[in-house]
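What follows is a set of structures to go through.
Below, subunit A partners subunit B and then partners subunit C, in two separate complexes.
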Partner chain A sequence: MNKTLPQEYYKQLEEIQVADFVLIELTLYLDTHPTDTQAIEQYNQFAHYSKQLKEKFESAFGPLQQGSLNRTPEFWAWKSGPWPWQV
Partner chain B sequence: MWSYEKKLQYPVKVSTCNPTLAKYLTEQYGGADGELAAALRYLNQRYTIPEKVIGLLTDIGTEEFAHLEMIATMIYKLTKDATPQQLRDAGLGEHYVAHDSALFYNNAAGVPFTASYIQAKGDPIADLYEDIAAEEKARATYQWIIDMSDDPDLNDSLRFLREREIIHSQRFREAVEILKEERDRKKIF
Partner chain C sequence: MKSNPKTFTKVKSYVPYHSPCDPCPPIGRKYYSTPPNLYLGFQPPNLPQFSPIEALKRGTLWPVFYDFYENPYKKRAGKEHE
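On to the complex of A and B.
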């Protein structure tokens, strides 16, 4: 399965992983520092950025999250791989 | 509720088929200080923990499931091409006869997961101290696995997971301070 995936898949996926890592890290930090306005600003900035990256990824490679748009009206794309352990 | 994302938290690459390493990694899958134990421990404790740290337990507990998926991916990739003979040579003969190449929640020695690995004492400080200890034990286990591993790609992912244990431990220590501060403030009349 992984042999058919283009380099672009890995590149875009990694960009998302990087952005979402910032979000996870800031989430835990803000859970114990809830009034750090600079961290909140940074969080919102990356939440926005992550959303943009996911839009781009999903239009090329199919849905990444439950609740995402199914862009192929004739086929339910969510059930298709690759699944995370297959790439 | 939880919602699934079709991606790993951090990429997992493996260099070669290596069932011996997969066997060691099951310690972090179904072992006492592994990712399953961590996720179940925190997400169960959060119902009775003081309001101020519910968010932290929820978010760290959720991240542990992402780590569990990374460990599962490592074990899967390290064993998917292994022959029964290779599994036997790696000490996984007993696993093979019971599970074929399926993953199972047991530790590196094959002992099945049990809820007695985790605690919920209802005392917030006692629970958080247990959580800190759990993170430190998991960090140490990652280090011992890295010491046993000669797979550079895998070690990169293992180092990421080891660093996350440190962050979680530090956040739990902050949570203890937050609760102590709140407790001490209540004593002032």
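On to the complex of A and C.
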């Protein structure tokens, strides 16, 4: 039985990708500009936002990465569920 | 060479010397890309940024580094074989 994923899954995943991409760019920038306070503030803003997005996604669709919370106490969710290349 | 970031070209080309003893046909014009980061040097703070969604699509957060690649050989293929 192959259940198709809800559209919400892709939408939230893309939002996470957008936030994480900005984080990566800002990380690289801040490595060479450690005192740029405005960039640091933007980085923290996006880090917080990304954490929220991941929290929302994981509570709805399961763990995103190893080390994520296993939210179903009676079932090990990490092994199941569509893998990134199947999504 | 520090030049105003807006005056550089993103693709440059040269014609390698073709020796008469060279058995292969001449390559003609060869192209190489010169991305914006070459001309910017140390990145100044507070550069204008793309919106996050746009940044993911464009592959960079700052428009000044955006460098779309289109194959110069393909586009100029027509003129190549004059």
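Throughout what follows, the second predicted complex is superposed on the first by the 84 of 87 C-alpha atoms of A that agree within 3 Å, B and C clash if a C-alpha of one lies under 4 Å from a C-alpha of the other, contacts with A are read in each partner's own complex, and residues count from 1 in each chain.
Here is the rule we use: a residue touches a chain if its C-beta (ideal position, glycine included) is under 8 Å from a C-beta of that chain, and two chains touch if they have at least 3 such contacts.
Everything numeric in this text was worked out from a predicted model, so none of it was measured.
When the two complexes are overlaid on their common chain A, residue A:17 makes contact with subunit B and with subunit C alike. Look at A:84: by the touch rule set out above, it reaches subunit B but stays clear of subunit C.
Judged by the touch definition given at the top, the superposed model places A:39 against subunit C, while subunit B stays out of reach. Using the contact criterion defined above for the overlaid structures, shared-chain residue A:53 touches neither subunit B nor subunit C, since it reaches no partner.
Within the superposed three-chain model, A:26 lies in touch with subunit C and out of touch with subunit B [touch as defined at top]. Contacts of A:64 after superposition on the shared chain: subunit B is touched, whereas subunit C is not. Once the two structures are superposed, subunit B and subunit C can be ranked by residues of subunit A touched, with B on top. Residues 17, 21, 25, 29, 32 of subunit A touch subunit B in one complex and subunit C in the other.
Considering their complex, residues 3-12, 53, 55-56, 59-60, 63, 69, 72-73, 76-77, 167-168, 171, 174-175, 178 of subunit B touch subunit A. Considering their complex, residues 17-19, 21-22, 25-26, 29, 32-33, 36, 38-39, 46 of subunit A touch subunit C. Taken in their complex, subunit A has these residues touching subunit B: 13-14, 16-17, 20-21, 24-25, 27-29, 31-32, 63-67, 83-85.
Residues 42-43, 45-46, 52-53, 55-56, 60-62 of subunit C are the ones touching subunit A in the complex.
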